[in-house]
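Report on the following structure.
Naming follows writing order (A, B and C), and every chain is counted from residue 1.
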Amino acid sequence: MNLKTLCLGVSAFVSLALSAHAETLTIATVNNGDMVRMQRLTDDFKAKHPDIDVKWVTLEENALRQKVTTDIAAKGGQYDVLTIGTYEVPIWAKKGWLVALDHLGADYDVNDILPPIRNGLTQDGKLYAAPFYGESSMVMYRKDLMQKAGLTMPDAPSWDFVADAARKMTDKANGVYGICLRGKAGWGENMAFLSAMANSFGARWFDEKWRAQFDQPEWKKALGFYVGLMKDAGPPGASSNGFNENLALFQSGKCGMWIDATVAASFVSNPKESKVADSVGFALAPDNGLGKRSNWLWAWSLAIPAGSTKTAAAETFIAWATGKPYLDLVAAKEGWANVPPGTRTSLYANPEYAKLPFAKMTLDSINAADPLHPAVKPVPYVGVQFVAIPEFQGIGTAVGQQFSAALAGKTSVDDALANAQKLTEREMVKAGYHK
Amino acid sequence: MATLHTRASARLMMAPSVIVLFAWMIVPLAMTLYFSFQRYNLLSPDEHGWTGLLNYTYFLTDPAFGDALTNTLLLVGGVLAITVVGGLCLALMLDQPFWGRGIVRLLVIAPFFVMPTVSALVWKNMLMNPVYGVFAWIARTLGVEPIDWLADVPLLSIILIVAWQWLPFATLILLTALQSLDTEQQEAAEMDGAGVVGRFIHLVLPHLARPITVVILIETIFLLGVFAEILVTTGGGPGTATTNIVYLVYSQALLQFDVGGASAGGIVAVVLANIVAVFLIRLIGKNLDR
Amino acid sequence: MARAVTTRRKALLTVIGWTVGFLVFFPILWTVLTSFKTEGEAIANPPSFLAFDWTTENYTEVQHRSDYFLHMMNSVVISFGSTALGLLFAVPAAWAMAFAPGKRTKDILMWMLSTKMMPAVGVLVPLYILFRDSGLLDTRVGLVGVLTLIDLPLIVWMLYTYFREIPGEILEAARMDGASLGKEIVFVLAPMAVPGIASTTLLNIILSWNEAFWTLNLTTSNAAPLTAFIASYSSPEGLFWAKLSAASTLAIAPILVLGWFSQRQLVRGLTFGAVK
């Protein structure tokens, strides 16, 4: 304890000594609601740390990922704090591109971070990124429409139930579609959903020898199920719908069910934004009785690139943004519903927070995901809705294009799978996985 | 002889531009050429080395390559057709006197000032969206099933968006050309009893041949590089329906971070662009030398 | 009788003209209207055209979240700077090509244009590394440089086509009077080339203002222009149509106003030598 305090003191002194005047941190972040809120609350940080100034680079997710990846790989050194996901952290940490977060402070309480998320951000026993908010996926549904269809949603539905309910809830004449699912191509868009869904169908991306598995019956069943369901009960234009498009559809009362990120729960139940706020129910993502549910795991996390010269200040910032007091700060200013979810056990133990209708279901969903054993069969990779290898972004997006085309009816399910198999194998050969 | 002196100073005056442009071309080109023979993924920088033609074989045998080539040509051709014909109509219209012509002209040229990303976002989200887009609303009001633009006719949608941005450019150039048309000649033709159509074919159109080639040349240069509109709207899909060459290179460079592959793709794109350029220069060069 | 026909024709043309103008302008109009709606109204169906509760909350929010004026100043500096620098290089080159053409002038011109066809994405990584090593990342200077090089071919070509239209006899006469090269350019050529230079300048400012690849990829915060500003409003989580519209309106407003006010100058010179 004493040693830790001493260390802290020394590092604080060193950072003070090094910076005669205020240091400016450049922080790259995604333009999601929770991050925008963090940006709004910067004043609190500045009040506590007058010697550190903060400059924000807020960008749309894909643009941010491109810029941050280019910068860190080319060692451009433009940023001091990065917002990255559970996909990047293990890959980058292994390459030595991230600074281990050892000085988050005595009151930071690393062990309070939810275990599945903490595991995803830890490499060789060291934490390389601190989670800002975590999410899994779950079913959000309209209680009123469910009732109208004469059904009751169980807490842990099966895919057959969901499909049946979706078809019964659909009323195309009145612009109500039973189910809204992602269809927009992209490894973080439709493939996030489809990979997680395929897990519950017993499918996997690769076998133990890194052979692509799209020629296997499980994938055919999963993709066929998805395309068929969306054709019968999905909204028009589904192949260009991502998270946002579906959110807008659900909020304006066009969807009976929507399976997507748990963070959406606070949007759809916010009466200021959502027409259906008072009739939303939540359930776990569906399964097929094979032991795996179709929910993913993701955490937007803050990390420090190895090139940063302001490591101490950056770590101070990360400790502020992901620590417990920040949660209380948001709760005090904007209410418990707007607190960044899914990172800390203590948050879910808080009786105030537990009152929220989606709190328990979010926690259960996160705990139901296992990035180390995502599929029914054994796999050589880590990650539920992604494969934590550098090549995955490219491959995932190309496969996503094929599946998006199948959803749009441009190709058949069989052709889409055959193409996916071919292009994945091609890239894996090029990347040297098959020796 | 002033010519010798002039020649020399002419060289001197051209030199800065030529030198900087040459550097701008040759340095990245040389680096790209070098990388294109390397196995170099930005995400695995430790596995570095010569790979011969591997990057080229991979790029050229990419299943999406054929589609990308066709899409590029369709995109350029489609936008050119729409903007030239549409621009001609608009220019003819704006050449006639009517009330508020100045304001209408302002309205017509406005799209040219809009950033490609902005116009793509606006078209995608607020106009073409099949559920709450304006087009869908119009269709439903008319009792027709709304078209799902970006999924059903993806390439046409992109062509429309890009054409909307370039329509003002064509209109402006053609309008300027029309206004320079000799009114005396026009009136003489009218006196001779030439009809509207006849005058248009025999007098106006030949006069517009050069401006039209200029429009084609300049637009082609920009249209070969269309990228933001695709990234924002369809991301190259569904499938490869809207992937053009530039987008294919992009997916290599910024999705896979495969510098080697992207460089090979870049070189291929440069070669293809130069083939197009040679054709264009033949076409335009003749027309401009007249 | 003739007058009546023209009036009727004029009326008809007025209707057609305004309809077409409205249709072409509609996407922009719609963006501006949406920027004054609430997020809920922005996706309402059927859409409301004017009868909604006008609000400026989106602008407040945008202003609160990002430093609009910083981005706008960056856009101004980058687009005006690169155009000015481009002109500095291009005027002498175009002059030389127009008045002392050699055998290879045409080839050089076409080669210059062909450098514009190189796909930017293909050379991003090499250039990023170059920029990193020379400390140009996220600087206005770096961007001005890149955009100058991108603009240069078009500037040279446009100027060349204008200069070529200036009758050579005038220059001859000036030379006879003993005017030096510099004087020839300043006193004889420049006044005649003003419309051409003006429209070249305007066109290039517009093109640089809207350039969205290099400006986005070579900047982070200090030099980020309006293209980066827009990228922070496109598709976040949650409803964003109205805020995006507000940001879009802010991003295009300056250049739209500039374009509208100077459209006469823009149009006058926009011939690319196509009109004799």
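Note that in this section a contact is a pair of C-beta atoms (placed from the backbone, for glycine too) under 8 Å apart; a residue touches a chain by one contact, two chains touch by 3 or more.
Note that this is a predicted model, so its numbers are computed, not measured.
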item	value
Reference chain B; chain at largest CA-centroid distance	A
Result of counting contacting C-beta pairs for B-C and A-B, higher pair	B-C
Centre-of-Cα separation between chain C and chain A, whole angstrom	39
Rounded Å distance, chain A centre to chain B centre (Cα mean)	37
Centroid spacing, where centroids are CA-atom means, of chain B and chain C in whole angstrom	15
Residues of chain B touching at least two other chains	42, 131-132, 254
Multi-chain contact residues (two or more partners), chain C	43-45, 124-125, 231, 234, 241
Where chain A touches two or more other chains, by residue	66, 70, 74, 248, 252
In the complex, chain C residues that touch chain A	39-40, 43-45, 64-66, 124-125, 128-129, 132, 137-138, 216-217, 220-221, 224, 228, 231-241
Interface residues, chain C side, partner chain B - complex	10-11, 13-14, 16-18, 20-22, 24-25, 27-28, 30-31, 34, 43-47, 89-90, 92-93, 95-97, 99-100, 102, 106, 108, 110, 112-127, 130, 149, 152-154, 156, 175, 181, 206, 209-210, 212-213, 226-227, 230-231, 234, 241, 244-245, 248, 251-252, 255-256, 259-260, 263, 266-268, 270-275
Contact footprint of chain B on chain A as seen in their complex	66, 69-70, 73-74, 91, 95, 175, 184-186, 235-240, 245, 248-249, 252, 254, 390-391, 393-395, 397-398, 400-402, 404-405, 407-408, 410-411, 419, 422-423, 426-427, 430-432
List of chain B residues in touch with chain A within their complex	41-45, 47, 54, 58, 63-64, 124, 129-132, 146, 148, 150-152, 233-241, 251-252, 254-258
Partner chain C, residues of chain B touching it in the complex	2-3, 6-7, 9-14, 16-18, 20-21, 24-25, 27-29, 31-32, 35, 42, 90, 93-94, 96-101, 103-119, 121-123, 125-127, 131-132, 134, 136-137, 141, 164, 167-168, 172-173, 175-177, 180, 210-211, 213-214, 217-218, 221, 224-225, 227-228, 232, 245-246, 249-250, 253-254, 259, 262-263, 265-267, 269-270, 273-274, 276-277, 281, 285, 288
